[in-house]
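After this come two complexes, each holding chain A, first together with chain B and then together with chain C.
Right, the complex of A and B next:
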């Protein structure tokens, strides 16, 4: 028996060599997929890798070469991951080249926010996140401003009474970033030293909790929707560097009871658009002067309850009551407001909406639950303006199946929907382990609806769909596999013969993580 | 060692001859490959040392073997992705041919092996690696004592590896098959127990043996390139499946120390 013991011990001794591999010991944690530079990108936190696939289904992977990924954000041409461990860093991976660059950080951070250009990243601590490692002393009023071009990380002390950073908003010219805390906003100059700290406390001591923050297109104003007031809080930003300061204005609308949504007009940086619930009027839409000049305030009153506003390409405002998430019930009211002539048009959809509106160009699509359990009703809305009036055109469409996700293809004003349908006789391939007719045996289909003609093209896929989107001239649909299963379909040829699928994207390079020296 | 040789001699005699107990036999230590016939006169030749093989021991022999083997790859091989014991454990069966002597000199083996390892990865899926191989070996044996010998083995093999990942929640797996070639060298020791004899004049010469052996060595492999991982579904379904692309899971190298232990029957 002695050789047997020796044999077993020799084998078992190697367990220690592999036991520390996170691929074995840790659960799979993934960020994404998100479209970056016309690629679909995942960040695998567990194995510290970035994996991306192009529309031709070619998959690549790059190792972050660091451990303990705490957060990942997706820029226009790169992915940035915050890592912890002994040497905290912000590691960026360019897509599709795969070049990896790291900027050392002075502390481990929990969350990151990336500027639209991808140059700046703001990292902050988040006390709400569960930690895998014991918490050491952390100053929640400390953030890092990371410049990925100059490869620098600057420590910025927020010095507020708040302890919970919630969000970071970047101005469109990327000269400023607003760090949103639970009862304060701090505006930080990117690439400069100016800091404007704005405690959001009323004279009676009540706190205003920011719920929505938007920069004016010229970055001179910051507009806030807060929980404690129906007014739009406008922060005018003055000066730069050490002389930076701000002036706070409360932009009020008579009769407003609650502020529901904010938006800015790229062509009109001196105003902010807002929608309110009124005391007696269901909805008030307002165009408010940022500097508080009430003489330039314009309001319109709407008969239905709208909670969201969207600025369309023809400078008309779409007001609607759709919820923020798919599956939530919203309001059936829709309205249009022409900003040039204050023309207003109102209507009601066929039923309550069941998800956010898909908006693009001058059109929008609303999803309702259909009367039949296996169908979904859509309403295509077009806001057209003729010489005399604004016209809200509503056209219903009914799709077989249950809509799981949808996205607007801005290129050609088409909405792409991922729908669950019954697999049997659908045209989908059967699953060997799940014969036709089994309960809940569904598959996915993509439906593409043209906003103008309402022409519908569909293609049945081989599995249910989780998310759909558009990358260039292709539709992508992700399926339920934990390792990333995707089907691509050309917008120009929506059929099964043109579709291409790849499964297990996150398995790419699984064996090379150690052998290839990536870790 | 002589005492053990004596024990084996007596015990095997009692099994083979029922009348041994009533026969006077001069018990003399001899190589296991021969023994005195119970009904014959005592051998007159000089006692033979174990390593002192006589020409009549020579002769071709065949054999079959079965072994358990373990490939213990280097720490950077990523074998842990598929093996909870850090090794690939398998079984081997095959045949051997010794052209000159079953216990001494060169012999050749041809056989097959199969091993399977599974491991849960990312708390999400089961990774499974199966390796089957056709292997050929050349073995050179030298007896040390009558029942004990040492040998050196050189092995070449062609290996088929099947790697699959099956998600817990899903109803399919993603897999690929890769081929790798390997070469290995090993040193081992074997315990030979004669179990069959042929009568030659006054002696019975052993012509059947059971070998128990243990060896250790090192193997080098070309990498298993699992570069065409795809969902394991039939291509001939109706309607046909949407065309799928593959993903490259990378290369798995099994270079490292190996162990084998097993038994062989030679005749």
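Right, the complex of A and C next:
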């Protein structure tokens, strides 16, 4: 699921229904869009509404009937918004049915995190958020565990020395949630009473601040990457309820200087995969036993600098140096590690990467800079093993235009890119404000590249693209409009004739409410 | 009785790596500029305190009276000073449980035949017994009234002597005092007030006398005298233990060695300036001196107390003292000339029959084994490097020789020169004389323990990259390496027939590894200091 994009799209100017009153202007704050139940969904904080559109461009909206939306999260079949005001609540809206249910909360919270199934939501106070309202005393060590099925909200006291809860991670079986603070982790039983508090403060006073936290697939371990140590911090979780406890262990790799990334293996819950920067070796990749059995540690050394690792479906590990966000700079190194035979292969892309790798199945796409300024290079990577060696197969593709966003369609192993191209002679409709065009005018295009054949299909759209993604058998592309403009294109028919666009999604139902005297 | 432990050797790393041994400062004494920088009886030559007899540095063994984890048969107990707790580690699953004790737990000692330890808390001015079993932990504490920093537990577990070792500033008003705690009463939950005893000045050692399985006497050695405490008389009003004054040449804290064993009534002492070996008879409360022509450079005592041996490096002799005969008959004392090796240190084997003879400051690559039954000496000279320390397995069949590196070696053969320059150790079959060298590059061995038919050597890398523990199969003379995440600190074994070895390592949060030498498996628990702070349970 894409990260949420909450931003002020525009100032929403509202005219009071009684007329003659001055216009009310306030920024439009929106979360989304995000895919929920094959729909593209937004949460409009400003007007406290949820709006969604399906691939056939049918738009619906539902009012939250509450005020002051502070946070919104997107589950598999519903959206949950935290609201404040006189009656704080967690309001959920089912998609696509639009049923609204509210669970009353005992306090107003800043951020929410939803479990993968959508049943549980954990709400917390975020000390890092700037507050526009007068300061109110807040206990940052207080969270709410919300059960949307039982419609209950339980207050949980974290009781740590830390002041900044920053993240919540759910175990895959949803029996536990790990609340990550600046120098502590608290593991809370979901549907139970057990709690394990783990301060991350060393005897010399140094703090270990978690930077990445993952549960083992069987939920028996929590693995952390923290500042202050190059080791993988492993927390073994034991017992339940009154017997809940934990054992902390630091899994070390000799010669490691800095831990860069962690991953777990669904088929091997007793181990954790990690990639390190070495003291003298650029990269060390390791498979560490969660119980600290050093004799089961396996490491490989690589000559290039990798900072990320991904476990592919064929039990090979892809190591690369791509950054986390588009537009950032990463390095060109790629490597592969066969976990079964410890085979290693290394290579370099044609240029530095400029966005995260799009990974799926047994292949990956890397976006990196091209030689010319108006083109983007793309490399399809496949990790294959034969009897004797592991093979890193690189196949480059060059696209005209600048990539703005991309996503991997794991169903058919294709990558979908949103690209900015020159509008002139592209086939895009002229801009209404400039019917004769300007030399620097651009528009958006969708390019779809097949990982296997490298076949490319493209469709030119009429506006620049902000984000792309895949819903079922459709590609969606959002445009830069203030009120939610989206184009849908079938994956099976990538052409302008098949594309469908809907504009102003966020305006759906808004004026009905205004006309009815509501804001 | 406490004695020098031949199973566990603690070595000083990096102290004597230069090729010229005469210029190496002994770590205990430190470098010097003039003679007055050195203890009485030593000279300063080339910045090192050396013996006037042979101008070689003092032979030394590192004092292991440092707070280190203690193993019982089933658990490992480690102190977490920062969190004022004792951590009980189950070596099977590395589960860590913590018991809070009064502030600043600073010394711990096993209570024999139990899964319990006694712990002294300095700021907490207390002594605690911490007991562990599968069901849980228990703690009983008694107030001491003063700050103490060390303890010794009697072999029968009945008493603990709590004291301030020389080098630690005593608490106000506690100069020269020791406290005796009835551990049995404390374990029953009926703590009795500790009995304080005035025991002289600057305490260096505490020993016990055991008769028919019961501890009857405690001996506190100070700089100037020995205080003999009759434990059965502690309740007597006005009881003051007897003191035996030490001669001036023994009244030292630096360079004095005292040894004793549980089953013996004798405590033997040597010192840098004392020409002889002093024997303190605990039953008779007498001090007898076996006069020699020179000071002994090392001392050892058989487990059954029947014989003591001393190294006389200046004359290259070993003195053999059958006890008690040597105290009354000078003719029973044997002075054996040693030919072929330098007699700087002696190490009695578990059988009390064989003595390993060597010197750290010998130019030749060899050591000797003296058979006390016929006074014959067998020289083992199939070594490739100089000897730093020699340890013999319990069964006397194998010796592990820890070598010195010679960075300035000028041997012509480049391979041999590289061998000289490396650190390393050798495994020697004492029956056949076969030796197997293991080079370890620039990583020096730091400690060695025996467990069954294996030995384990820890190595500390000065570049902080390749710390490791190597296990040696003493039958096959083959080693296996296990990497450690950080520099090793302390090593030990568990009780009984447990083949496992534990190794603590430097880590700000505490790190310990459990090595199963037979299964070839190393499990590491790091952060056990933090485990004391984990809180679990119902919300």
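Here, the second predicted complex is superposed on the first by the 483 of 519 C-alpha atoms of A that agree within 3 Å, B and C clash if a C-alpha of one lies under 4 Å from a C-alpha of the other, contacts with A are read in each partner's own complex, and residues count from 1 in each chain.
In the analysis below, contacts are C-beta pairs under 8 Å (C-beta built on N, C-alpha and C of every residue); 3 or more make two chains touch, one makes a residue touch a chain.
Values in this document were obtained by computation on a predicted structure and should not be read as measured data.
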item: Partner chain in contact with A:165 - chain B first, chain C second, else both or neither; value: neither
item: A:429 touches, of chain B and chain C: first, second, both or neither?; value: first
item: Touching partner for A:505 - first (chain B), second (chain C), both, neither; value: first
item: Partner contacting more residues of chain A (chain B vs chain C); value: B
item: Partner chain(s) touched by A:245 [first = chain B, second = chain C, both, neither]; value: second
item: Partner chain in contact with A:157 - chain B first, chain C second, else both or neither; value: second
item: First, second, both or neither for A:88, with chain B first and chain C second; value: neither
item: Chain B/chain C common contact set on chain A; value: none
item: Residue ranges of chain C in contact with chain A within the complex; value: 80, 82-83, 94-96, 465-467, 482-486, 507-511, 513, 520-531, 533-539
item: In the complex, chain A residues that touch chain C; value: 156-157, 159, 188, 193-204, 206, 231, 233, 238-239, 241-255, 279-280, 291-295
item: List of chain B residues in touch with chain A within their complex; value: 70, 72, 75-81, 83-87, 89, 119-125, 165, 167, 169-172, 174, 214, 226, 229-231, 233-234, 237-253, 257, 259, 261
item: Residue numbers on chain A that touch chain B, as the complex places them; value: 3-4, 7, 10-15, 17-19, 21, 23-24, 26-28, 46-47, 57-59, 427-434, 461-462, 480-483, 485, 487, 496, 499-505, 507-516
